[in-house]
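Take a look at the structures listed below.
Both complexes shown next keep chain A, but they swap its partner, so chain B is in the first and chain C is in the second.
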Partner chain A sequence: MDLGVLNQFLPTLVRYVLVALGVLGLIYGVYKLQRKLGVRQEAATGRALVMPWVLGFVVFNVFAIGASLYLSFTDYNLFRAPEWIGFENYRQLFDLSLVPLETAEQRSSEVLPRRHDEIVRLTVGDGGFVLGARESDFWRSMRLTLIYAIVTVPLGLAGALGLALLLNQKIKGVGAWRVLFYLPAVLPAVATALLWRWMFSQSGLVNQILRPFLDVFGMDTPQWLTNPTLSPVLFIIISFWGVFGANTVILLAGLKGIPQELYEAADIDGAGDWAKFRNVTVPMLSPAIFYNLVVSLIGALQVFEVAAFIPTPTEAGTFLNWTIFQEAFSFRNMGMASAMAWIMLIIVLGLTALVFRSSSAWVFYQGAREGN
Partner chain B sequence: MKRVLLAAAGLTLLAASFGTALAQDPVTIRISTWAGVDEAAELQGLIDEINASQSEYQIVHEPIPSDYYTQLQTQIAGGTGADLYWVDQNNMALASEGIFYPVSQCDAVVNAEPQTAGDLSDYYPGILAVNQSEGEVYGLPWIAQPVVVYYNRGLFDAAGLDYPAEGWTWDDFMANARALTQDTDGDGQTDQWGFTNNGWPPPYIFVWQAGGELISSDFTTAPIDSPEFVEGFEFYLNTAYNPELSPGRETISEQGFGEMFKAGQIGMFMGGAADDLDRVEGLDVGVIHVPAHPETGSITTFAWNASTVINANTQHPEQACDALVSLTEAIQGWKIVSPRISQANVEHLVASEPRKEASAEAIVSAAQDMRALPIFGNYAEFDSVFWSEFWGPLINDETDLSVAELAAEVRPDLEDTLP
Partner chain C sequence: MNSTVAQPTLKPLHEPGPSQRGFQVRRIIIYALLGLGAALVLIPFFWMISTSLKTEDQLFRPGLNLIPNPAMPGNYVEVWSRLSSINESMTFWRIMANTLFITILAMFGEIMSAAIVAYGFARFKWRGRDILFALMLATVMIPGIVTRVPGFLIWRSLGLLDTYDPLTWPSLFAWGPLYVFLIRQFFLSIPREIEEAAIIDGANTMQIFIYIMLPLIRPILLAIAVLSFQGNWNNFQGPLLYLSTPEKFPLALAMRFFDQSLSKEAPQWQYMMAMATMMAAPILAIYFLAQKQFLDGINVGAVKG
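Up next is the complex of A and B:
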């Protein structure tokens, strides 16, 4: 028996066993403690059995989040101990400059402070303004990610709703259609990203289909991957792939839950298809739409796979999650990457809170109405 | 509960006894590399020979074919790193973080026989310098690949041009490149080019030949606005995506950079000495050193190099040192070009890679004039600034500034990153 290999993995096996024993001991200890404090057996058992999840949550989530917050106030490169620098990382990220331009064509480098690069240029009359930043990569990423989210989320929701309405039809074999339309959601994200990249390359499938039409008008084939204007459009197109997935399934389930009596009552009142859709379907579906909106918004702001495998031109920037990853692992600037991540978190929380605040105006909960 | 505790104690005792029982086995030295399937298989052959030749240690290869440096950093930071790692020139800057063991303190290096892998004086000084930090050496180089020119003899013959020869200059190169750029099928579209440049080859070749420097030797200045640097960089830019001699960005992106040369569409290609461009079926390819600067006559070329390092946290530094020297000796007999002066000859190169026999003389000649990048602790940030603020905007046509103007603007930002 070759014990050499066993020797390599035995310490890990022993650690696994000890951790398992420790978790069992924790469950037992929490149960016993509660019973001693007079907690009913049922409640004590429930709380004891949930301890493994609590332990995992504390160790892998709470601790990690807390560590990230701490590291955002440090200079840390993985190999040396973190060095406390206070708000320096945040100060660098928010080191912005808004400078007037004498002419619309004036070079940013002539007016911006040192180490500031142009983020946005606004032309006003013969002059204008230029917004510059020291951490220009971060702000370009922020711009691209927010534009991507603002455009793709509503379009994606509309597409998912349309597809759900289609799959809600009572036609023969609709079950098979539902399976086919859901298949894209189970494909690996990386393989899909690489396929999209090939399809949109200069001689890829998309340009081959477009070429005859473009030749008629004497236009060049689009440079999807290298043109800073077209590159964001490419990602928006790719985002429609997400229509075929959980969003559609959730909306379809919501459609199934709308009482038929409401449609019958609308028919009696003489409502047409559009009126029924606007006054029955959408309000009754609004909780599912609300859920999809929140989840899609968070997902759009955190896009990573397509950013990692489809390059973007420097001028367009890249997606925020990818920028944070590069800051952490390419430049080993863990402190700055943590600060970027916390700013991203605040933005995600802020936008999500806005959606929640707005929900009282457009989300209809049938149970709440009946309760009133 | 008591039974549970007893069982745990028993398991722990069992594990301890296993450990004791196995204490007499050879030490396991783990090495991580970026090798893919084929390369890993070849490396394993060398490792098997080393393992069979002694009983002090056994080398175990743990390849990481993707995200190599991300995994290297997290493994070392997490304390689970291998004993040995392959590290390329750019990432030798990690030595300044104190995560590599100083090989110059290894007994196997201090007491090395002359002209062996452990003999530091047998390495090209410029290549060894990449591995040095604060007076210590942190890696043993196993390859130093000079950039050479591969030229398609068939295309030269068809164009009625003489092949590049010893002493050829930038002017000869540009004349050849322009003459080889043609519409061969008469459809109005250029389908053959004299050269190709998509950011590779590195601009440093032409900068150094012109007498310029990216970083001063004392790492205090970045004189990229010197007339010599500007001259070299302007020549380099003139070869990139220039329709007179090179395919455009989209064409290279869609058809592949090296693939276009292999397809017989490119007359001259600057590649590493170990590239397989001179053994493409159906192509008659010659190899020569890079063209010389017309005035200085310099044929300095860029050398990509890589080393093997020892993890500073290795539990077995002595065995790791011995394994490092043995493995480096073996790899230097496998990879070309060896970074050792005593092995800078045609015989050693052909013995390592018989398929390069026809090109061996040109490669060995080019190796005499190869230079490596000046690596220092914060090189990653320097490189990032150089690319994002200077090289990238110029080669991607994102600025209307001249090379000299942009260099003057960017120089202070580069010098902010120097030690």
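Up next is the complex of A and C:
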């Protein structure tokens, strides 16, 4: 191969080795420094060993989050220095309007302020309300992402629990089933996103299967990729493919870990299947359910590849993560993108906090928690 | 895990008795549901492979044509000559080399740094340890997009955009908290006496780590290697953000590049799916070979979570 190809790899490789040596040096340096300051050997060693993470944490988390907050108050397009504009980005993002409708069918452009687009329409009897926003791409994506998370997380968990219960029965080849159901989760998201776009295209497999049934009712096959009302449905269907496997593996391990004596005790008390499920399985499984809930919630709010490969009609919005990515790196509005990212951060943290708060009511930790 | 414990209660079900018929019905329902689930998992998967072997006029033929006739394994070669006709440096070997370069460096960094950091968290007592560990786990909740813009600006000011640097050596700073967590859990299960014996023999911390601890935690390191390989091989957002020259693209970006080069009216799905299958193949091979590591790796974290 020619030198051009080597040039592509070699500098990175050299820097990689240098950084690796630097990391080892950092560990050694921090150790020596602490020893000089009279720290016990054990404490000095422990602290020195976690230094690689601490440094990465400071640069890529603490500093980056701080910088992101600062940028969210600026106008910055990479070419000029960031210009401080105070809350302008946020003011623009929260430029919302809620106006009443005279009739349920009224076009929202007649009532909404100039440059505002419809986000949500609420019909009450003959009239209703319409929520409009200036940054409609952002709010439409917010709408889609939240609908997606609220529907797929509980349904995905319930499905995974059902599947785990099935696999926990006396069946042949549990291992093989487990491998099979986890399969979608290992496939590259890029590959599956493309596959879904193909399957849901106008003459794709899904419509091929639906056509005979729809013909009976004289209905046309749905335009999955271009009909804005179908966009959330499409993504929800797609999510079910992968979500069962990932959660099921963990729930199944949890089920296998439930001591059989508990069921035997329940049998003696004359408990039926439902009572056993309700009073033994669910409480014993609740830590695993809780873990899955947190992980799938965070995952659902951060879908990326699917959005990058399956374009949606403008009115439907797309996934928030992709909208923000585009705002930053396609339109180069670093300030606005940072403000959007911060709103997303607050929503993710808020929802996660909510789950954590609720956990004391329903998550059951058996006795003193093991682990250390 | 506790499959031996599960045996006693299940035994009576096999004894012939009045419940035998109900038991049979139950079994049929269970297998029917599992079979349905399996079909839902496998049909899209087979559809990907099936499409990749079709001719263009087979693509839109009505009805279910799961088995292509004639089959076109040549699509797998043709897709690369199409791609290199758009950009001559985008050959199969080049794109594979790019993907492997990123994947292997990032994987090695992730494993080694996670093992070292986990050792510090698991085996030594020091003030602030538990708070720092909780903080590390909490970072999982921060959406990646928040740190993307500043991250991009950092790499830009270092002049390292469009290089592999942002995708490789930051892994040396234990960027995957989950891996640290998993290894720490494993360390905690190793009896302390082993180290104490080594200390008495005069081994220092580095020697203990390299010669005693690393071999002991091999199972979890293997599990993490598998998860990390998958994660980096499949990574799309990072390369999309940092790489802009097509000849530097890994597979995930090459797929996007090819996808965007095709007109929306004539998407050549047979080639796209051939590429998708190729990208999935190594992951699938590892998955089937190392399924135990894979699935156990996911479990360790949750069971004690």
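In this section, the second predicted complex is superposed on the first by the 336 of 372 C-alpha atoms of A that agree within 3 Å, B and C clash if a C-alpha of one lies under 4 Å from a C-alpha of the other, contacts with A are read in each partner's own complex, and residues count from 1 in each chain.
By our rule, contacts are C-beta pairs under 8 Å (C-beta built on N, C-alpha and C of every residue); 3 or more make two chains touch, one makes a residue touch a chain.
Keep in mind the model is a prediction, meaning the values are calculated, not measured.
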Partner chain(s) touched by A:19 [first = chain B, second = chain C, both, neither]: second
Which superposed partner A:68 touches (first chain B, second chain C, both, neither): second
First (chain B), second (chain C), both or neither touched by A:100: neither
Comparison of chain B and chain C by chain A residues contacted: C
Partner chain in contact with A:350 - chain B first, chain C second, else both or neither: neither
Partner chain in contact with A:246 - chain B first, chain C second, else both or neither: second
Partner chain(s) touched by A:10 [first = chain B, second = chain C, both, neither]: first
Partner chain in contact with A:203 - chain B first, chain C second, else both or neither: both
Touching partner for A:330 - first (chain B), second (chain C), both, neither: first
Doubly contacted chain A residues - partners chain C and chain B: 8, 11, 13, 78, 201, 203, 329
Chain B-facing residues of chain A, complex: 3-4, 6-8, 10-11, 13-14, 17-18, 21, 24-25, 28, 77-80, 107, 109, 114-115, 117, 137, 201-204, 223, 225-226, 313-315, 329-332
Residues of chain A that touch chain C when the two form their complex: 5, 8-9, 11-13, 15-16, 19-20, 23, 27, 42-50, 52-57, 59-61, 63-65, 67-68, 71, 78, 163, 166-167, 169-171, 175, 177-184, 186-192, 194-196, 198-199, 201, 203, 205, 208-209, 211, 241, 244-246, 249-250, 253-254, 256-257, 259-260, 263-264, 287-288, 290-292, 298, 301-302, 304-305, 308-309, 321, 324-325, 328-329, 334, 337-338, 341-342, 344-345, 348-349, 352, 370-372
Of chain C, residues touching chain A in the complex: 1-3, 5-6, 8-10, 13, 30-31, 33-34, 37-38, 40-45, 47-48, 51, 60, 62-64, 94, 97-98, 101, 105, 109, 113, 116-117, 119-121, 123-129, 132, 135-136, 139-154, 156, 163-165, 168-170, 172-175, 180, 185, 188, 205, 230, 233-234, 236-237, 240-241, 247-248, 252, 255-256, 259, 267, 269, 272-273, 275-277, 279-280, 283-284, 287-288, 291, 294-295, 298-299, 301-305
Residue numbers on chain B that touch chain A, as the complex places them: 1, 4, 7-8, 11-12, 15, 18-19, 21-22, 25, 28, 58, 69-70, 73-74, 76-77, 94, 97-99, 249-251, 253-255, 380-381, 384, 388-389, 392-393, 396, 398, 400-401, 409, 412-413, 416
